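Next up is a structure, given as structure tokens.
Chain lettering (A, B and C) follows the sequence in which the chains are written, and residue indices restart at 1 in each chain.
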Amino acid sequence: MDRNKILSISNVTKRFLNVTALDAVSFEVQKGHVHGIIGENGAGKSTLMKILSGVYQKDEGQIIFDGQEMNIHEPMDSLKLGLSIIYQEFNLVNTMTVGENIFFARFKEIGGLKKIHKRAEELLRSIGSDIDTYTLIDDLSISEKQMVEIARALSFDSKLIIMDEPSTTLTTKEMSRLVEIINELREKGITIIYISHKLDEIYELCDRVTIMRDGHIIDNRDVAALDRQEMIAMMVGRTIENEYPQRPECVGETILQVKNFNTKKLNNISFQLKRGEILGLVGLVGAGRTEIVRALFGVDKLHSGEIWLNGKKIEVHSPIDMIRAGMGFVTEDRKEQGLFQSFSVGQNITAASMDHFSQNGILNRHKENKIAEKQIQALSVKTPSAHTKAANLSGGNQQKVIIGRWLERNPQILILDEPTRGIDVGAKYEIYLLMKQIVENGSSIIMISSELPEVLNMSNRVLVIANGEVKGEFDPLINDENEVMASALGEEDTR
Amino acid sequence: MKRIAGGKKNIRNLVNDYLIIVGILILVIYTAIVRLEFRSGENVINMIRQLCPLGMVALGMTIVIIGGYIDLSVAGMFSMIGIVTTSMLNVTSVPVAVIVGLLTGVAGGALNGAILNFCGARDDADALFITYGMSTVYGALALLISNGATINVPTNSSFLVLGKGSISAIPIAILIFFAGVGILQFIMKKTTLGRKVHLSGGNPVAARLNGVSISKSVMFMYIMTGLMTAIGAIILISRVTSASPVLGKNYETNAIMSVVIGGTTLKGGHGSIVNTVFGVMLITIMANALNMLGVSANAQSAAKGLILVAAIWLDSRKQR
Amino acid sequence: MNEKINVRRILKIIQNQKALVALLVIFIMMPFLTPYFFTRYNMVELLLQCAILLIMAGGVTFVVISGECDLSIGGLMCLSGIVAIKLQESMPLFPAFVLAIVVGLLVGAVNAFLVVSQNADGFITTLGMGMLLKGVSLVLTNAHPIQGTNVIFHKIGTISVLGIPLIVIITIILLAIAQSVMKRTAFGRDCYAVGGNFEVAVYAGIRAKRHKVMTYLLSGAVTALAGFLLSARLNSGAATYGDNTALLINCGIVVGGTSFGGGIGGIPQTILGMFLFATLENAMNLMNVNSYVQQLIRGIIIVGVVCLDCYTKKKKRDDV
């Protein structure tokens, strides 16, 4: 094997029951590179990672790490060989301290609690972090937790560190810090595999990139020689010309006024929403967008603030109040918060509108089925029947079911939090069309999305949220992606 | 990712669902063959009467379990209601005593619900300990009110007809039970209230976001359990003509067993009242059969414990 | 930022020392309420009553910190004592002792199988096991207490060394061992890891499932030992000794500062919590509080403790 290659993967295949998650995947990573892996959800990135880290076992193929064939059976094996992974959700125990987490389960090796904290401190300082090693993980910010994870990877003398979507939850400053650290690590001779779906980061950081789709490697290219359109085309499988429908232009008068929302995270948030408008909320994860809509919908406690709907002030104590007032909320996490997984599609659709098919509290099954069928048709939900368990549908169809649930109520205002996350490109387009229909029928949409192109193409107006405040307001017809991004990253205050 | 269907999984499901039932049926058939008295009309009527108190409690328990919670306080409540009702019977008219008894159950259930709502108990883990503690409280109240003594129902009281009486050979008690089954099944399957309980049990977070008031559902569940427990207690003391302050002993575990064996899962969200009827029947017939076979009360205790553990085990296998 | 963390830590410590404060309050109040509290006889009695519970609590603490639950301790405690007594009739004491411990290990193994391997809910499963074990105890003793026949057996339970009962000495030694295992061995630290975040523990190479199995085995063995000592002290075994024990011990653990969620707490906290409970019982006895009232107070405290735990969780949440 080439001395210069730290990792060489050949024909690795992994199957789960009937599904092939990885199909004869092969590529190589050069020592000292920052190697990107890009692909949509379901491309196979996380399966590959889990095989490398020992959580899953490959069915076929060969992995050679640093000149030796890798035969690992559990996570500790790969760590000992010098391969660490920093997961998106972090692998930390909240109830333990920083030091204990870095040297998790290695007390004997290091020789006691005091030594652990000392070494942990050394590692943290070496990457420029000033965290007190006696702090509980629970009390750290996301970026600080990432530092702890990196310190842990270093504590294993890792030669290869894999980072899984590290930037999803960082602020600008934190992201710059991460970039610095990655460059420092590179200078130390450590190889980084950087997994992301953000093209900009791949271009900024990586020397080489591997593009994956549907369990296959599409190509491995030097970043400098690859242009954006080509990269997208490879990720998606076709050239996207009409990724988005034509932006709806039916904005009317103001119907909603949010005044001075103050919650644990929010700081004097005020904004308006007009009839027939799609209002986009942009910002980095953790900026407070979901908190705004949760407070609006009556889910989270409001410390202070007012909501004026159609010129009248309304009191909000729980979601029931807002549902009655004509609002709907499609949550970010459809599995945990949106779907009733073990219930049927029909029951999921009718879950918020029982009053539509009941009289005096008694349900009318016949009417219920009709409503379910109506929405299934209207939204083209692909399901064997209304009685199929919701869990059996694909992500895109599940999302449609939830949207259908709210459409049944004909809401005046529909809140969509990351409506196309985890959905394939074809289904995304259908949802954009739906959104267009909804506003053209006179309703309004508040849309939260982390994909700037999506927000800019669909919204009539965009609010940038950062650190719990409204940082700026933009018109997609006038401002472009860079200006909005700059604001989100905290570069200017353009209120 | 596709889901698999058919084949191995179905056999495992079948075994899980029916293992205990088959076991009990075998026992029943064996007893029917070996002991003539088991099959006698008198014994059957007896079993029917025996079934009712537990049946009522199990009906209430079904609702709580479907809702994603659990109620371990039924034992203490049962004793307390028994004591209160018999005490009342000795100083006032039958209708008043019965109403007071029912209200005691409702009050107990309401108190349970209120405490759980106040604490923000979100799942059955919290409810487990709190209701377990409440059982101790209610049991203590029963002991305090009766001062540890067993109170007798006044002789020749019209009250006794509830537990001992029949309408053309059908015990009144079982009529009450089936009325309860009918009403509760209707509520759970055909009303918004029942649907909301199902949704709360299936996914409490999503339920709340969709406008279901979790606190209202909790109150409903626990009040119903209290009410059903009260009816069960009244039927029992009517039949045995007295109330001891530990009358409710083991009712919570028997009720849970009935619900789980009947097919409702402890996880919540799914299940039905009708299923529980089968569970209760099985438990009652089994106890009767064991008695007929001369198995000691102690051994029966052990057997019940074993079945409870087995039922829980099989239920957990269903979830995998 | 460091300052903010320090203040937070101090507040947390104060919150965790609620039990200590409560205990101090009681100790200060007692002399005013009864002259007998601080007598040497009473203190020794208090320690003795506590001792058996402390041994069991020490074992269960490992289970709770690891994020699981063991409510079978009541039934097991009775069973092991009964087994020891039955066996001593036909064999020397030491083998009988060993077999009693083996019973504990077997019970622990079954618990572990059901909860860890089969993914059953810890609370209800071990609760069921406890009932099963009590049932078995009833069968073995025919519902009557049985007497020990080995003189040494009884001596172990009643002898004092330098004025301190042997049982108390054993308790102190075992607790000291438990504390050093908790703080200084991988097994002890793994409890916090596995209880703090199961997946993370697995990814870090900890055999988390196996760890949980070990905690159940430990709890089983330790409980069996406690049961042995209890029967030795009373020179008898009965199926009723364990009623309420599971509830008491688990609540004592929580009162002291170990949480059911897992990942926090420890032996000192457990000792504190159990001591508080035992002192309360002792005080109530001395003040001749009606035993029914005692049960009531016990129930209220248990509900109160769990409610408080729950309520603090609720306050931390952001949602309505």
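Just so we're on the same page, a contact is a pair of C-beta atoms (placed from the backbone, for glycine too) under 8 Å apart; a residue touches a chain by one contact, two chains touch by 3 or more.
None of the values given here were measured: they were computed from a predicted structure.
Taken pairwise by the contact criterion, the protein chains are fully connected, each one touching every other.
Sorting all chain pairs by how many C-beta pairs they have in contact places B-C at the top.
Separation between the centroids of chain A and chain C, computed from CA atoms only, is 44 Å.
Averaged Cα coordinates give chain B a centre that lies 30 Å from the centre of chain C. The set of chain A residues touching two or more other chains comprises 299, 318.
On chain C, the positions that touch chain A within their shared complex are 2, 5, 8, 186, 189-190, 192-193, 195-197, 199-206, 263-264, 318-320. Listed in rising order, the residues of chain A touching chain B in the complex are 16-19, 297, 299, 318-320, 323, 329, 331, 336-343, 351-352, 354-355, 358, 361-363, 365, 391-392, 405. Residues 1-4, 190-193, 195-196, 198-199, 202-203, 205-211, 213, 269-270 of chain B are the ones touching chain A in the complex. For chain B in complex with chain C, the touching residues are 70, 115, 118-121, 124-126, 128-130, 132-141, 143-144, 147-148, 253, 256, 266, 296-306, 308-309, 312-313, 315-317, 319-320.
The part of chain A that touches chain C in the complex is made up of residues 53, 55, 74-76, 79, 91-96, 100, 104-105, 107-108, 132, 135, 139, 263-264, 294, 298-301, 317-318.
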